[in-house]
Amino acid sequence: MNPTTLLHLLAEVQRGTLTPEQASARLADLPFEDLGHAKIDHHRTLRSGLPEVIYAAGKTPAQTAEIFSRMAATGVDVLATRADEATAEAVLTAIPAAIHHPSARAITLRQSHAAPRGHVAVLCAGTSDLPIAEEAAITAELFGTHVTRHYDVGVAGLHRILAQRETINQANVVIVCAGMEGALPSVVGGLVGVPVIAVPTSVGYGASFNGAAALLGMLNSCSPNVTVVNIDNGFGAAYTATLIARMAHHP
Amino acid sequence: MNPTTLLHLLAEVQRGTLTPEQASARLADLPFEDLGHAKIDHHRTLRSGLPEVIYAAGKTPAQTAEIFSRMAATGVDVLATRADEATAEAVLTAIPAAIHHPSARAITLRQSHAAPRGHVAVLCAGTSDLPIAEEAAITAELFGTHVTRHYDVGVAGLHRILAQRETINQANVVIVCAGMEGALPSVVGGLVGVPVIAVPTSVGYGASFNGAAALLGMLNSCSPNVTVVNIDNGFGAAYTATLIARMAHHP
Amino acid sequence: MNPTTLLHLLAEVQRGTLTPEQASARLADLPFEDLGHAKIDHHRTLRSGLPEVIYAAGKTPAQTAEIFSRMAATGVDVLATRADEATAEAVLTAIPAAIHHPSARAITLRQSHAAPRGHVAVLCAGTSDLPIAEEAAITAELFGTHVTRHYDVGVAGLHRILAQRETINQANVVIVCAGMEGALPSVVGGLVGVPVIAVPTSVGYGASFNGAAALLGMLNSCSPNVTVVNIDNGFGAAYTATLIARMAHHP
Amino acid sequence: MNPTTLLHLLAEVQRGTLTPEQASARLADLPFEDLGHAKIDHHRTLRSGLPEVIYAAGKTPAQTAEIFSRMAATGVDVLATRADEATAEAVLTAIPAAIHHPSARAITLRQSHAAPRGHVAVLCAGTSDLPIAEEAAITAELFGTHVTRHYDVGVAGLHRILAQRETINQANVVIVCAGMEGALPSVVGGLVGVPVIAVPTSVGYGASFNGAAALLGMLNSCSPNVTVVNIDNGFGAAYTATLIARMAHHP
Amino acid sequence: MNPTTLLHLLAEVQRGTLTPEQASARLADLPFEDLGHAKIDHHRTLRSGLPEVIYAAGKTPAQTAEIFSRMAATGVDVLATRADEATAEAVLTAIPAAIHHPSARAITLRQSHAAPRGHVAVLCAGTSDLPIAEEAAITAELFGTHVTRHYDVGVAGLHRILAQRETINQANVVIVCAGMEGALPSVVGGLVGVPVIAVPTSVGYGASFNGAAALLGMLNSCSPNVTVVNIDNGFGAAYTATLIARMAHHP
Amino acid sequence: MNPTTLLHLLAEVQRGTLTPEQASARLADLPFEDLGHAKIDHHRTLRSGLPEVIYAAGKTPAQTAEIFSRMAATGVDVLATRADEATAEAVLTAIPAAIHHPSARAITLRQSHAAPRGHVAVLCAGTSDLPIAEEAAITAELFGTHVTRHYDVGVAGLHRILAQRETINQANVVIVCAGMEGALPSVVGGLVGVPVIAVPTSVGYGASFNGAAALLGMLNSCSPNVTVVNIDNGFGAAYTATLIARMAHHP
Amino acid sequence: MNPTTLLHLLAEVQRGTLTPEQASARLADLPFEDLGHAKIDHHRTLRSGLPEVIYAAGKTPAQTAEIFSRMAATGVDVLATRADEATAEAVLTAIPAAIHHPSARAITLRQSHAAPRGHVAVLCAGTSDLPIAEEAAITAELFGTHVTRHYDVGVAGLHRILAQRETINQANVVIVCAGMEGALPSVVGGLVGVPVIAVPTSVGYGASFNGAAALLGMLNSCSPNVTVVNIDNGFGAAYTATLIARMAHHP
Amino acid sequence: MNPTTLLHLLAEVQRGTLTPEQASARLADLPFEDLGHAKIDHHRTLRSGLPEVIYAAGKTPAQTAEIFSRMAATGVDVLATRADEATAEAVLTAIPAAIHHPSARAITLRQSHAAPRGHVAVLCAGTSDLPIAEEAAITAELFGTHVTRHYDVGVAGLHRILAQRETINQANVVIVCAGMEGALPSVVGGLVGVPVIAVPTSVGYGASFNGAAALLGMLNSCSPNVTVVNIDNGFGAAYTATLIARMAHHP
């Protein structure tokens, strides 16, 4: 219920076609979302053209496939993250047009045709961080941004990141995935003048404590343009990166 | 040394006004920054018109005052964070035009005259989070954005945040400071469609473990548009927020 | 041995039908529970009509089935928590009247016929928290309270919880299950005027540290009507909730 | 704005004394609290007769005294927690009728005259836990319950708690404050049939880690009627205890 | 109330000099300790001749002096641990016969004249661990054992501990205090055939985390004759060591 | 090389049958153990009659069986801890006289015939702690002490531990195994006058953090006669308990 | 591109055989490594004769075998660490000359013929630490140093380490692998006058927290010649040890 | 007692000027250090010409001054670390030739005249890490190495470290001090071919947890030539660095 529909309702009361009691009941019964008090993700998604997202971990292949199909039927783009092989098989059987990205553990279905807006650079420190980086890249692409990938550019071989500095500097926002000591976002943060979203990965052993070491390193970054998301949360990084990149390239 | 100056140097060699040995020495001697390999913060600051920043914690009042004065002399805006009373006194004695913001523990000197670009909303959960929120707000303002403040809007009284939803929704980016359980960024993330930068504060006692509880809560946010900075890092949040807000409002 | 039976015993000594030595021996031999010094759960259970409870984790299906049968034979209600499929099969083979609740991993046998007393609202933030929420709901129902379920009402979509506010407010006590950032209990605590029992769940990944993030968030709740139980302890929350709800509805 | 006032407003529209536009504006302008969407603590406090509460830590004596005076003027009961000597002096100078409880670090002003409802037993393990126990006791008393104190009843001398078992068993809810190993709530939980609210205290040294050991112990209690609040949170325990005790003794 | 006094009471009932009601009341009124259900520390102390102990931390000098005096008046030995200078002054003013041990932060009053029983060796790794070692040594001596001190025998200079091996081997139990890496108990455990009680100290910096590193090291000792007490708990180690040493030398 | 053999060597030098150079070489070559500087476990074991011990975790069944057989051949008692079913089968095939204790995950071979010396009471809080308690009990028995078992005597039902107080009090040392909140050792420590060795078990879930909660609780015990070993270390507790119990009953 | 090749390029410009534009492009295109700004591991490896290293964990047997073969073809020595049985089979099928070291989980291919330089002593505390010690030993040997092994020399039996002191003292650097309490490096550090590299292993249970206890112990070593690497990082320890040992024995 | 003195003693026995009994007693009485079983730091120091070191933290100014004077009298170099202003004053009053290094919190006395051997490069990330870096530099210089300082070369401005790469590469060993994210050692490790000793500093706030974040980052370094010492342990890093640098430059 937006101001317009509220006015209509009150006009009906004024006209006498609705008693105050009926109007009061209708106001009480309306879900909050209709009053604009809050918007459900589903509606926002449909309006904005952003893809629907399914977090497949903890769901059976059949469940994911069913949800995926239902969403696909609405004509929007669909993304399933953390999808294993069995899930991919189930989804692709149901929706042959969907694409499985094994390294990113993602399944995508593109039904929209908008040109990309904004540029997101996705970096990862080592090849082991690649699945998380790919989750971020695939997500950002499906969400409608131009993505450049810069993989295996860890800080122990600085020339690798320095060599790609120019391209990275053209991005509107940079996503940096790194495990172990998690140093790459600080280095990148010093090289670029745009926001850097750091994704700690659970890559490492021993005192990496499943990504906690990288997480702490990133939170303590000496580069003030670095913000951090949860360990292995490539999707979340791409979601925010898309919001930023679109801002830079509003039509 | 950019491509142009490199061509000039090579042309001199071609012309014979520079021997290969001289050119080689010149290439070797030039600091990397001049080759564009990296840019020192100082230079970037001067060029971009962003303020100079002094982290006053761990510096004597005299040291901070001297650095502040030196920076002020270059004509740029200057910001000192984590400045106590004694430091403020020392700085204002040296630079009477500077302004002390006690609640933010910040000192600012504005010498530029550009109109604000972009809109940053700064929220805090309780009045105890106010110093960090003010550090963020003061920083974002000096960095040249329009800032709206929404304080004491914690989740235990939802009406407070809901009542200000409209204004917050007009911002390009939202900074949310919260201690204790750190729940506010998730709630705000669900209400707005722009990036939310969460700042855990060290407010709380017992099992808050000096902000670690809030930090963990924010990293695990169920809203995908939330990224996080270090505990009490209002400055860093504002730095990144400025980068985002400017992106939305490039001239 | 309560005051009455003690008086009887002493009266026998007075009458001479019992020598002091015999009385002394009888006093020494009696189990403490009979003296009222402490009550074993079993006896309390029988007297109070509360169900017998079996924690099935770590027990073989045969062991659980045997205990379940023995308890069932006494005519009381019986609850088995953390029961897997094999355990459920074994129990239902032995006691066909028992009911298996797969999502709650619980098995119940209802033999009493008392009307429900008190109202417990059970909320969960996301569908992944559902097993713990169902453990709480099934427990509270078998313990004799009226239970309303409010699932998938996480803080990233406030309208969902706000829409059900009225029903929740009618409960005598609210159980809130949430993983990830664990913010829901604080929000609910601000909406209702009754005790809120928060159950952190191990739902999440990375920096959720198996529920520790949610646990810390709940302990630091800014709502003073929130108390907390162990991670995934839906049973314990329901046990205490039942005690509170019965208090409000003593016959 | 409750249903009644909403009906009045709609009736005015029906009568034509209010145009739909005016009614719409009035509905939009009203704070959410008036619509019943959420209730601010202040209003709830006034209506319910519960005391106003000031968390004095981090406030200057003058600030606390001013807030205290303002609240006192409304005629309600007032409680200030975590108040040091200087704060107490400032408050008592302003409001001579207020009472300072040094061991509880609390200041109370009683202006209501209702008889106590419900019975809260407050226990503490050692004399060092007394300040937190007293904070709980003073709070529960000012909130209008009957409080019995059972101090220095730690588990290393079981006879002490056993000797007071009868009285404790008459309470509607038991608050147990303990530091060090935090074992007392489990023992008490086994002795009583009512809810036990455990308050870990920061008492201890070395591996007590400022109360974390006691907190973990209480969360892992083998007694299912134990719920837990934050370390040293005597106030929160009393707040919830009051809600429970009142439930048992509604007039 | 022991079996004898119980028989007397029952005999009175038999004789008719006590009604059953009176006997019942007397049984109910008697503290549990008198029934032998539990013994209060105080009574056990008096009977066993073990000293009374006051933990002075958190008590005012006046409080400690008063308790000390009251205990001294009963003729037993008295020990105050964690006593600062002011407390020592207050106690010695009240009880001039008491002795202050500054390095151990202890005050002792010896009033008994029994010969020492058993032999406790107290070791410490470095001179910084000395206060805790002395607390243990002073305690064990006042509790009536023969104590030998072996200080500054850390593992980085093995010859030091090896040189004193013979003496240490004659002890009935060995207390080992160590901070930093906490390795000494394992080494000593391998050299002796008696129980080793390890006391982690808070000595160290950085990753010692206030004794947590030493504590973990000791808990993981590869010598199976090592048990551990809390960080800095020299008193507790000496208490248990005394129980063991006395066992070996019962009169 | 003990004093006697050293004198013999020096006498040879005196007699001229050994040159100083030869003697010097011999002194340098002798292993330290021969000088009595240190004793290898093996030798100490043989002399003392204590069983040989094999930690079977991480060894193949064949390896454990081979070591077990080799040890058995020397005529001593042998103990294998943490032995799974396959290991038990392999050992019993090789040494049919060995006994497998499945609940303790231990295999024992008794070849000595000495009467038990000393009394060790082994307690556990719940039935889930039984494997660790049995490891302790089996170990202490094979090591030659009299063991009494007191299982399922957790603090939530105090009458259970109180009922067995008399027997427990007759032990020379008490081993207490408990998971979850780990409160039982403190309670037992207050009931008995002998050393209590606390064994935290990894029993529990959620915030038990695999036994860390119980470990911290035990380290912070308010009973000064409690010392602690590593989580699940029933063997170590029994080893030290045997040393203590033997001390009390030296022949 | 070293100074010589740079001079050549500039001379070409001087001679006119290269235009400034061509030279500029060539300078821009050259990878940074050729300019000496940074060196890729691969090139450094080839020049230095150090082996190529493959971290096989997380790679399929086929992937590791392919990389191994490609490296082997260049004629250098090759090392694969963390290689399981399947990987070893795949590699040895491809490169029959490679050697599988099962206990070290390593595969080596030696193609160089240089004599060893420098002496590295590798110690481990217990037999369970052997896999990590062997990884270190195999690595150091393939990297061209002389390695002596000293295994099972833990601190609970000091004679074992003391007996081998002389040989260990001849090494240029000592690697010490230990789990549980991690005390061995401190003891060794006190016995030798050369750098000690400590490798905490994840050996242990309970409060060893997967090697964290050993790690903390080593970081707090009281021997100042001890530095530490990550838990289970035998490879890294050997890498640094090789650098040190070669330093002592440069040709 | 070295081999020579042992031979002398045995020769005396041969000559009959010493009986076997006397020789035996003398051998038994001699401290182990004299037999070469172990060497005390003091003796090793005197022989090696390495300075004596006093850890002044926890010592009174008078104590430190006295120890310093006693050591100085032996003619060796002396170093006091963690010395505050008062300690420096006390030492310099006693030994006017000593030098106070306030930023390093160190006092040195140089009495030897040997030329430096080996080259140690000391780096620090920010100016706040300078005290620890200076402690390392001062220590390494007094220990007799050539030291080059490279301060404020943190990773957020890569050009700074790249610009000094050549000089750093000439060192035999590099010490890198860094707080916050602790990323610098990894970057430096990739730039140089010598051992890197990483010193985490306690510089930072919030989630730096007093240096724990930097420590974890360094332990997880992706550069295999990085080893780590305790937080703020500049002295230990310099001690090991000296051992390595001397190895490269043995006379």
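To keep things simple, chains are lettered A, B, C, D, E, F, G and H as they appear, and every chain counts its residues starting from 1.
Basically, a residue touches a chain if its C-beta (ideal position, glycine included) is under 8 Å from a C-beta of that chain, and two chains touch if they have at least 3 such contacts.
In UniProt terms, the chains line up like this: A, B, C, D, E, F, G, H = PurE domain-containing protein.
Treat the numbers as computed from the prediction; the structure is a model and nothing was measured.
Chemist: In contact with chain C and with chain G at once: which chains are those? Just list them.
Modeler: Shared contacts of chain C and chain G: A, B, E, F.
Chemist: Tell me, please, which of G-H, D-E or B-C gives a repeat of the B-D interface, judged by over half of the contact pairs matching in residue number.
Modeler: So the equivalent interface, with over half the same contact pairs, is D-E.
Chemist: Specify the chain most distant from chain E by Cα centroid.
Modeler: A
Chemist: Which is it for copies chain B and chain C: same residues on both faces, with over half shared, or different residues?
Modeler: Looking at both copies, the contact residues mostly coincide.
Chemist: Could you work out how far the Cα centre of chain A sits from that of chain C, in whole Å?
Modeler: Their C-alpha centroids are separated by 39 Å.
Chemist: Quick check: how many Å separate the C-alpha centres of chain E and chain F?
Modeler: Chain E and chain F have C-alpha centres separated by 25 Å.
Chemist: Specify, in ascending order, the residues of chain B that touch 2 or more different other chains.
Modeler: In chain B, residues 37-38, 156-158, 162, 190-191, 206-208, 212, 215, 219-221, 230-231 touch at least two other chains, as defined above.
Chemist: Under the stated touch criterion, can you name all the chain pairs that qualify?
Modeler: Here the touching pairs of chains are A-B, A-C, A-D, A-G, A-H, B-C, B-D, B-G, B-H, C-D, C-E, C-F, D-E, D-F, E-F, E-G, E-H, F-G, F-H, G-H.
Chemist: Write out the stretch or stretches of chain C touching chain A in their complex.
Modeler: Per the touch definition, chain C meets chain A at residues 128, 156-160, 162-163, 205-208.
Chemist: Residue numbers of chain H touching chain G in their complex, please.
Modeler: 37-38, 44, 48, 162, 165, 172, 190-191, 193-195, 197, 215, 219-221, 224-231, 235-237, 239-240, 243-244, 247-248, 250
Chemist: What residues of chain F sit close enough to touch chain H in their complex?
Modeler: 3, 6-7, 10-11, 13-14, 16, 19-21, 23-24, 27-28, 37
Chemist: Give every residue of chain G touching chain E within the complex, in rising order.
Modeler: Its residues touching chain E are 125-126, 154-158, 162, 179-183, 186-187, 189-191, 204, 206-209, 212-214, 216-223.
Chemist: Can you list the chain F residues touching chain G in their complex?
Modeler: Contact set of chain F toward chain G: 31-33, 37-41, 57-58, 200, 202, 210-212, 215, 230-233.
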